[in-house]
Amino acid sequence: MRRFMYLALWTIFVFLFVGLVQAQDTIKIGFFAPITGPAAADGTSAKHAVELGLKEVNDAGGIKGKKVELIIYDDRLNPQEAVAIANKLIEKDKVVGVVSGSYSGPTRVTAPIFQKAEIPMVAGYAVHPDVTWDPTQKKPNDFIFRNGFLGEVEGAAAAEFAVKNLKAKKISIISMDNDFGRAISAGFAARAEKLGSTILTKQMYKFPGEKDFRPFLTRIKEGNPDLIFAAGYYNEAASIVRQAKELGITAQIMGEEGFDSPKFLEIAGPAAEGVIIATNLDRDDPRPVVQNFLTNYRKAYNEDADMVGASSYDAFMILVDAIKKAGTDPKAIQKALLETKDYNGLTGKISRFIQGEVVKPVQIQVVKGGKFRRLGVVDNPEVITPPLKQ
Amino acid sequence: MLIQQLANGIAIGSVYALISLGLTMVYGILRILHVAHAGIYALGAYVGWFSFRLIGDFWLSLLIGMAGSALAGYFVQRYLYSPLLHLPRIAPLIVSIGLFIAMEETFRIIAGPHTLTYNARVGLGDLSIGNFQLTETQILILFITGLILVILWAILTRTRTGLAMRACAMDAETTSSFGVNVNAIIAINFLLGSAMAGAAGVLIGVYDNQVWPTMGSIPAYKSLAIVVLGGLGNIPGTVLASLVVGLAETFFIGVVAIPFPRDAVAFIAMILVLMFRPYGLLGKA
Amino acid sequence: MMSGYLITILITVLVYAILAHSLNIITGHAGQISLGHAAFFGIGAYTSALFYTQAGVSFWVAVPLAALVAGLVGIFLGIPCLRVRDDFLAITTMGIGFVVEAIFLYIPFFGGAMGIGGINLPHWFGREMTKSEYFFLILIVFLLLLLLDRRLGRSWIGLAWSSIREDEQAAEAMGVDLVRFKVLAFVLGSSIAGLAGGFYAHFLTFIMPQNFGFGQSIVILCMVVFGGIGTRWGPFLGAIILGVLPEISRPIMEYRTLVYGVLLLAMMRFQPGGLLGEESILPKMLRRFQSHSSEKG
């Protein structure tokens, strides 16, 4: 037993030192994601996708002859670890820019730190509105950019499609209780009511780990809605659609980008057929940037890419694009990001950033034959332009 | 609709019972807050999943899952808990927490962070009468929970081992002085409790069609609360507490629709009961 | 001038050290296991954050208020805890932790799932404190708490607590007022945790309910037990080791949470008293060293 303990200790130390051997003349980009702990699945997807992007950039000769080096940290979904990571990236690693592959909590606490240090950060899919906004000074964090939609925007786009195209009059909402679920369902409810539909019930379920949706769904069934809008991530979403089917609910189920994972299709099985989602990834998009990513991801990791991965990949590539244009001075990179115009991204063509928020069309997808297929696009500027924060 | 909600409540209550029964057995003799029970539950799900992938038979994978969990439980008891029994109870509690964290991480490292699907057909068929639905896995969970209760009752009241177990639960030292091999009794007890956790892991993995590294996180505390509510170590009390919690949660979410999370409902119920019965629903001082 | 990275880690460790000490009063000194200590940490953080952002109260008032409110809630929640003992108490406190987290999450007044942002570092001399100055401020508070801890340990309150810890019934028979001393431990522990919460909120600038959940309670408890429950320096040592471990283990990335779990397990399995517990290696070595040198002298 004692010998085993010594062995374990030595292994730890060897690991510790291996990590310290690095350096050279490279362009350093920081990255953090929840690689261990409760959100490890999303963190790993984000890490995989960004590493794929890194390989593509370096295989193509890097940026102006210099290799890009990705400094990866695990935040365990823990905000105080994220604070330490932000400081470390700025001071020890001296990165020129940062990509967040994490949720809102860790991203939100690092935003003011990067803003103060004037290091640009592009967030992949964190939705909290205050990531790009300083609530004390009432001004935008102009070094922080977001590639994912604001919850309100995506929710409103889903409502636009639900009411205008699917003609839903009576709607029930069931949403995950975190900032993502709250923001997206609030956006949905506001737009749907504005367009003249009635919201029958609004229910919240605990995140993470809720598995029994029968009490919620039985209550929804009582109201007999035309459409159920469900905001949540794919594990919970899959349980919702399965259990809705078991309870004999026939209303159209509509979801959002949290559903957008091959795992949703796998877990929900036949119950997923016909589910409609609002997301940012269009798998039927013929542009090479989309098709190459999907193929390469499959090839590299032997699994299909999801929304989290695609969004983080895009965030990384947007930053790389800005470095290509502006060089390695963080302020110049920020300026290039502010001037982004009609960027050809994996998750859609980005026309520009407003207060750090992305402007791009929202994709509507439907599950058909066990696959996400294109159903429509919401590009009504009234809906997809992020509301000005003040 | 109320009848459907009642069925929903009983279904989730029996899921809770399935996970908590093993825990309360273990507690009855060792008096350890065995947080890692939820890790053994997840282990059962993983072992079952893996053997299902290899063999393709649900019933066999259930047995293998149970065996895997039982074995893991035995080692935990033998090498981690037994040497600490004479110490203040906080020491084994922390060992248990450390073990649970390590187990979750091991699952993630070996089987990957993503959810695995355990798409087994049981072959019973769903039950549907008018507006009232029960799926085959729900029926199976009800059935197996019942079966486990009967088997436990038979072991505890009809066998010598069961008698020894009950004696150990009351007073291990005195039992030992009557020539009973207490260590063996503890081991058997732990094997049984862990096998139940494994069964729960497999069944719930199939029920949700999901097996994932942190699937034990919620059962880890939820089952502790249920076991306490039932009166620590009390088997009928645990079943009663599981149903009370399942029905209370379902009722407050589905009928009263208070905007409060499931766990808080369960814990408020638990604290209220403990104020009036400090040793749980069916527990004795 | 220390680097921001180092300061960040030092502040985190200090906040945990204060928390570990506050829990040590309840669990170590008075012997009442608590699995919901993060609730009081959260109550402090939310009190301070709300007074600061909503009422415009300055840091210097908001943080003491955090301690006060957490202490008052500690009385209120300590009372149900008097009805139950041992493992029932442990699970009751765990339940309290969940209910408090749910209240932060579900009542819009507390900011709900969106949390509360814009909680800044304190101002003094007409400018914002630097992080280093903030660190020294917390350090001073921590040292004062250590002094308090020492005085308490030597007073009759400390004696009463240890009698309750060792044998509740015997203590009661000897005339120790159980209710009074248990509540005192809860109030003191809770209000110090609230104080830590206030410091934490202003350091993090943004708080959300999940920061104060069951996992956080477990982290704090592990620090206390790891270092040596009931000892004076144990909780501090535990906070240092378990607080710094996630940072120094960064290079092993995927395995670092595993290492954390295994370390916890191995430590408690082989040194169940904690690093500084009576029977553990460190104090034994220290004693041997002392007796060795005194023989020579």
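Residue numbering begins at 1 within each chain, and the chains themselves are lettered A, B and C in the order written.
In this section, a contact is a pair of C-beta atoms (placed from the backbone, for glycine too) under 8 Å apart; a residue touches a chain by one contact, two chains touch by 3 or more.
Here the structure is a predicted model, which is why all the values come from computation and not from measurement.
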item: Higher-contact pair (C-beta pairs counted), A-B versus B-C; value: B-C
item: Chain whose Cα centroid lies at the greatest distance from that of subunit B; value: A
item: Approximate Å spacing (C-alpha centroids) for the pair subunit A, subunit B; value: 35
item: Subunit B-subunit C separation of Cα centroids, rounded to whole Å; value: 31
item: Subunit C residues counted as touching two or more neighbouring chains; value: 105-106, 254-255, 257-258, 262, 266
item: Multi-partner residues of subunit A (at least 2 other chains); value: 36, 177, 204
item: For subunit B, residues contacting two or more additional chains; value: 105, 259, 261, 263
item: Contact footprint of subunit A on subunit B as seen in their complex; value: 1, 4-5, 8-9, 11-12, 15, 105, 108, 112-115, 117, 119, 126, 128, 131, 133, 135, 208-210, 212-214, 217-218, 249-251, 253-255, 257, 259, 261-263
item: Residue ranges of subunit A touching subunit C (in the complex, touch as defined); value: 5, 8, 12, 15-20, 35-37, 72-74, 76, 79-81, 83-84, 87-88, 90-92, 105, 108-109, 112, 128, 130, 134-136, 177-179, 181-183, 204
item: Subunit B contact footprint on subunit A (complex, rising order); value: 36, 38, 40-41, 43-44, 177, 201, 203-206, 208-212, 214-216, 218-219, 221-222, 235, 238-239, 242, 246-248, 263, 266-267, 269, 303
item: Complex contact set, residues of subunit B against subunit C; value: 31, 33, 80, 83-84, 87-95, 97-106, 109, 221, 224-225, 228, 232, 259-261, 263-264, 267-268, 270-271, 274-275, 278-280
item: Subunit A contact footprint on subunit C (complex, rising order); value: 3-5, 7-9, 12, 105-106, 112-115, 117-118, 120, 200, 203-206, 208, 210-211, 246-259, 262, 266, 270
